[in-house]
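Each remark here refers to the structure printed beneath this line.
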Amino acid sequence: MFQTRFIPSELVYDGTQLATHWPRRTAGVTGDCVVAFLGPAEVPTENLVDLVDRRAGERITARRMLHLIGVWFGRTLAETVLRQRLYVFLTAERLRLRGLKVLVEGDDLYTPDRRKLSVSIATKSPLAGLIHLGLNDDPAGAPVPAVGLTELGVGAADFARELLEVFEDAESGLESAGAKVRAVE
Amino acid sequence: MFQTRFIPSELVYDGTQLATHWPRRTAGVTGDCVVAFLGPAEVPTENLVDLVDRRAGERITARRMLHLIGVWFGRTLAETVLRQRLYVFLTAERLRLRGLKVLVEGDDLYTPDRRKLSVSIATKSPLAGLIHLGLNDDPAGAPVPAVGLTELGVGAADFARELLEVFEDAESGLESAGAKVRAVE
Amino acid sequence: MFQTRFIPSELVYDGTQLATHWPRRTAGVTGDCVVAFLGPAEVPTENLVDLVDRRAGERITARRMLHLIGVWFGRTLAETVLRQRLYVFLTAERLRLRGLKVLVEGDDLYTPDRRKLSVSIATKSPLAGLIHLGLNDDPAGAPVPAVGLTELGVGAADFARELLEVFEDAESGLESAGAKVRAVE
Amino acid sequence: MFQTRFIPSELVYDGTQLATHWPRRTAGVTGDCVVAFLGPAEVPTENLVDLVDRRAGERITARRMLHLIGVWFGRTLAETVLRQRLYVFLTAERLRLRGLKVLVEGDDLYTPDRRKLSVSIATKSPLAGLIHLGLNDDPAGAPVPAVGLTELGVGAADFARELLEVFEDAESGLESAGAKVRAVE
Amino acid sequence: MFQTRFIPSELVYDGTQLATHWPRRTAGVTGDCVVAFLGPAEVPTENLVDLVDRRAGERITARRMLHLIGVWFGRTLAETVLRQRLYVFLTAERLRLRGLKVLVEGDDLYTPDRRKLSVSIATKSPLAGLIHLGLNDDPAGAPVPAVGLTELGVGAADFARELLEVFEDAESGLESAGAKVRAVE
Amino acid sequence: MFQTRFIPSELVYDGTQLATHWPRRTAGVTGDCVVAFLGPAEVPTENLVDLVDRRAGERITARRMLHLIGVWFGRTLAETVLRQRLYVFLTAERLRLRGLKVLVEGDDLYTPDRRKLSVSIATKSPLAGLIHLGLNDDPAGAPVPAVGLTELGVGAADFARELLEVFEDAESGLESAGAKVRAVE
């Protein structure tokens, strides 16, 4: 059963949170889940999961982000990458319902003036597929032109709770979509 | 290697096109692919893949739709449902880039006045995962309030070709996303 | 999310209930589930899923059984056979907690005097793994020496509800067992 | 081809034996197998595979246990957890056939006076699913009320050989169960 | 456990033998296996598994072939196609050890004068991966220039038994190859 | 999309090249691929992937080899071992087309005088199946009687390019073989 959890205290995201058992250790959630929290992003190059970025010596830095960590046990990376793309679109959809203009490019969110709102990655552990989706709240320190939820007039904690509900609905929709069709030839 | 094909002649979609080997038989494409064509939708109740709809005695009817049929060999239904949702969002994104307002709800596209633009289903055969995405062009005959690409000022054939390119890019992005990350713990 | 359901009205089990979408059609449960009901077993040879039995021209007949039909989407047959064996043992365990003596042999339950209490099979559809577990209530008509729940002093409807709870707990235990271990070398 | 092996010399189980290639290195068995041996259990907290137990700072200690280590290549953790539960039940069944009373709770065996007879865990390596099942022989040092095979009048070495036969039969039964059914709808 | 069987009586191969349970029904082998027999090939167009050939209206005909039917439960088509190619090469290797010159092209065997020695296909059922490999013994009736084992001086029945041993060794080698390596990064 | 690449500069193969992201880091190829290069083989015992060889304290040494490193994302070890065997046969086939006599035994190539031409291994990382195939060019230093491409009159760089083409064709053939058959019962 898919679960979600919002951790009310702020935590630094340094990349080590993208780990199979982090949600269980930190938020007490066992099983498939998305856990949200707010806090700075300070991911040193060596912790990057995207090896292209790591090679380029990049870092992920922002004064404050809304972080979403998802874990799905027993899933392939191919399936997890698809889920990540879907989650990015679901996030964009909620921003648009608030009247905001955002663009989705691959797994990135931008404002129309080409400022980056998000970082995201999908990966795999020996036991699970994992996703990190980070939305800038205060993008100070970001290595590229960036924008944050605060500037867009979106309360990060409220939006976290909204997204967790949206993701829960989406997972439930995905599950029933796979259980109400007949096979074809 | 993922391929796309646009069939220039119009064909009736009656549900039997959602079949593993239909793209090979009809468009000569062997392997993972999306094939697009224009034509009426006349899916009788007994051909519906969505068993909830079938039970309700529904039908899919429209005078003209843009049909996209996708086949991915060796994929699970869970993965195919994720891909279907992603494809619906990618379609919405292209409409928005044309300045149109559309809403995504699950695997459906609506205009803000709650008229339905699309039908879609994901399913599985013994050999492949399959997707049908149909976008109304002329929605006459649709059993619910509906809208079509023509009314929205979108040329269906042009949009077909645009979507095929978008899907090809997306598949390529998905593939490389799964091949450039390190595993985590 | 795994669900269970008890259908209060009696139904004949003739083998066609062992089908992916039967729980949805009959009990309104979409997704992984076990559905229980009481009723006669009248499975003609040609409906048998066990091909060894079918070849031998066997039939499954009993005046009244407790039937449990389980469906797990996207699972392999190998996994479903393991689950079936586990469910048979879980059933035996509950009978023993009531002070009854039963023996488990493969996927069969016997009383110490070698009378058969159960029939069971695991199989696969294009979309799911499926299990049928039938416990004789009134074994009249069974083709082998048989015993029923009534004779053992077990109320079939009560036991159905008890088993559904046990299976729900077991599924939840299985899920968390897979989400609280570290990988090894 | 599934194989079993009994190692006649005693070995300490400290957790590092739960490793893909331990049976090959130690007992010369290549491929899916269960290997049994007798010896003390001295698993320090940091070697625990169950992360809930590890977090609680627990240890596994007993003066002498019957250890069973199983490895199944290419299997998922979900399947391995099912197999583990089945093996625990198969073990209980053999004790009952000797006239002993045991209770199965999840993956634990107890005597009716709530003393623990076993420890068990299922996990995964990059190449295989793995199971450890330990049955106390002399439970001295166990951190909870415990009972051993000696006190129950069961010879540990004899029982090891008996279980290996039982597991071999069970694996053979599982394999043929998956190869004698027809698929359903 | 992989098994092989040679059926001493001749049988007509008409395509319906390429079925999950045919080896069990006909040769009493349950589980992964290759079954060999001699007999005419008379596969009408509508029984062809290769849909390209079927579309072209082809047939498979030969007065006498050595037929090998293989079934591997729970395997994907991708894996089965690889196994088929390997089996074709293993067959060629044995012919070469007898001093014969053969060429392997895809899944076909030819003599240097471009006469076809074999037909072969890999496919999937809901439960298994399946392979048919047919070697002409007397190619009379073949729709293309063909050669048979008799003309090559190879006794078909002897060669059948030789191949079954070779395939058994190969399966055992494949299994141990997957159980004696360490994982890499 | 499967890709191939020949690295023109010589590199030492010490075993660390058999890694998921080595082709991307070294040759800029992202995704399924085979990368070829020439250079010495100096694999210390502790880098061996074959644990039987590692245990025996063996090493892989040769003054110059043609190395082929293949990576297939998301594939099982069982499938990768099959592919490895196929690649070895494909290599033998090309040597025979040049009039050379070679024998295939398991995953090894020999000349008729029992000198070893190749080393090969298939393994798995958390993300991919991997293959190393090394063909001696100058076998000096090999721990067993060995032969090299130079002595056989085969230009290693030319043969590398030939093999890459052959593997590309084979992968394309495998893919279409899985996309042109109907399923059977």
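Just so it is clear, A, B, C, D, E and F label the chains in written order, and each chain counts residues from 1 on its own.
The working rule: a contact is a pair of C-beta atoms (placed from the backbone, for glycine too) under 8 Å apart; a residue touches a chain by one contact, two chains touch by 3 or more.
Here the structure is a predicted model, which is why all the values come from computation and not from measurement.
Colleague: Provide the labels of all chains in contact with chain D and in contact with chain E.
Modeller: Shared contacts of chain D and chain E: C, F.
Colleague: Chains shared as neighbours by chain B and chain D?
Modeller: Correct list: A, C, E, F.
Colleague: Given that chain A and chain C are copies and touch, would you call their interface same or different according to whether over half of its residue numbers are shared?
Modeller: At the contact between chain A and chain C, which are copies of one sequence, the residues are largely the same (over half shared).
Colleague: I'd like to know which pair from C-D, A-B or A-C copies the D-E interface, where a copy means over half of the contact pairs are the same by residue number.
Modeller: Looking at which residue pairs coincide with D-E, the repeat is A-C.
Colleague: What is the chain whose Cα centroid lies farthest from the Cα centroid of chain B?
Modeller: D
Colleague: Based on CA centres, what chain would you say lies at the far end from chain A?
Modeller: E
Colleague: Whole-Å distance, chain D centre to chain F centre, using C-alpha means?
Modeller: Once rounded, the distance between the two centres reads 39 Å.
Colleague: Using mean CA coordinates as chain centres, what's the chain E-chain F distance in Å?
Modeller: 26
Colleague: Among the residues of chain C, which are close enough to touch at least two other chains?
Modeller: In chain C, the residues touching two or more other chains are 21, 24, 51, 73-74, 76-78, 124-127, 178, 180-183.
Colleague: In graph terms, with chains as vertices and touches as edges, which category applies: line, ring, star, complete, or other?
Modeller: Contact map by chain: other.
Colleague: Spell out all pairs of chains that touch, sorted by label.
Modeller: A-B, A-C, A-D, A-F, B-C, B-E, B-F, C-D, C-E, D-E, D-F, E-F
Colleague: Looking at the complex, which residues from chain C come into contact with chain B?
Modeller: Residues 21, 24-25, 73-74, 126-127.
Colleague: Of all residues in chain A, which touch chain B in the complex?
Modeller: Against chain B, the touching part of chain A is residues 18-21, 49-52, 76-79, 81-86, 89, 93, 103-104, 106-107, 121-126, 130, 170, 173-174, 177-178, 180-185.
Colleague: Which residues of chain D touch chain E once you look at their complex with the stated criterion?
Modeller: On the chain D side, the touching residues are 1-2, 21, 24, 30-32, 73-74, 125-127, 172, 175-176, 178-183.
Colleague: Considering the complex alone, what residue numbers of chain E touch chain B?
Modeller: 51, 55, 76-78, 124-126
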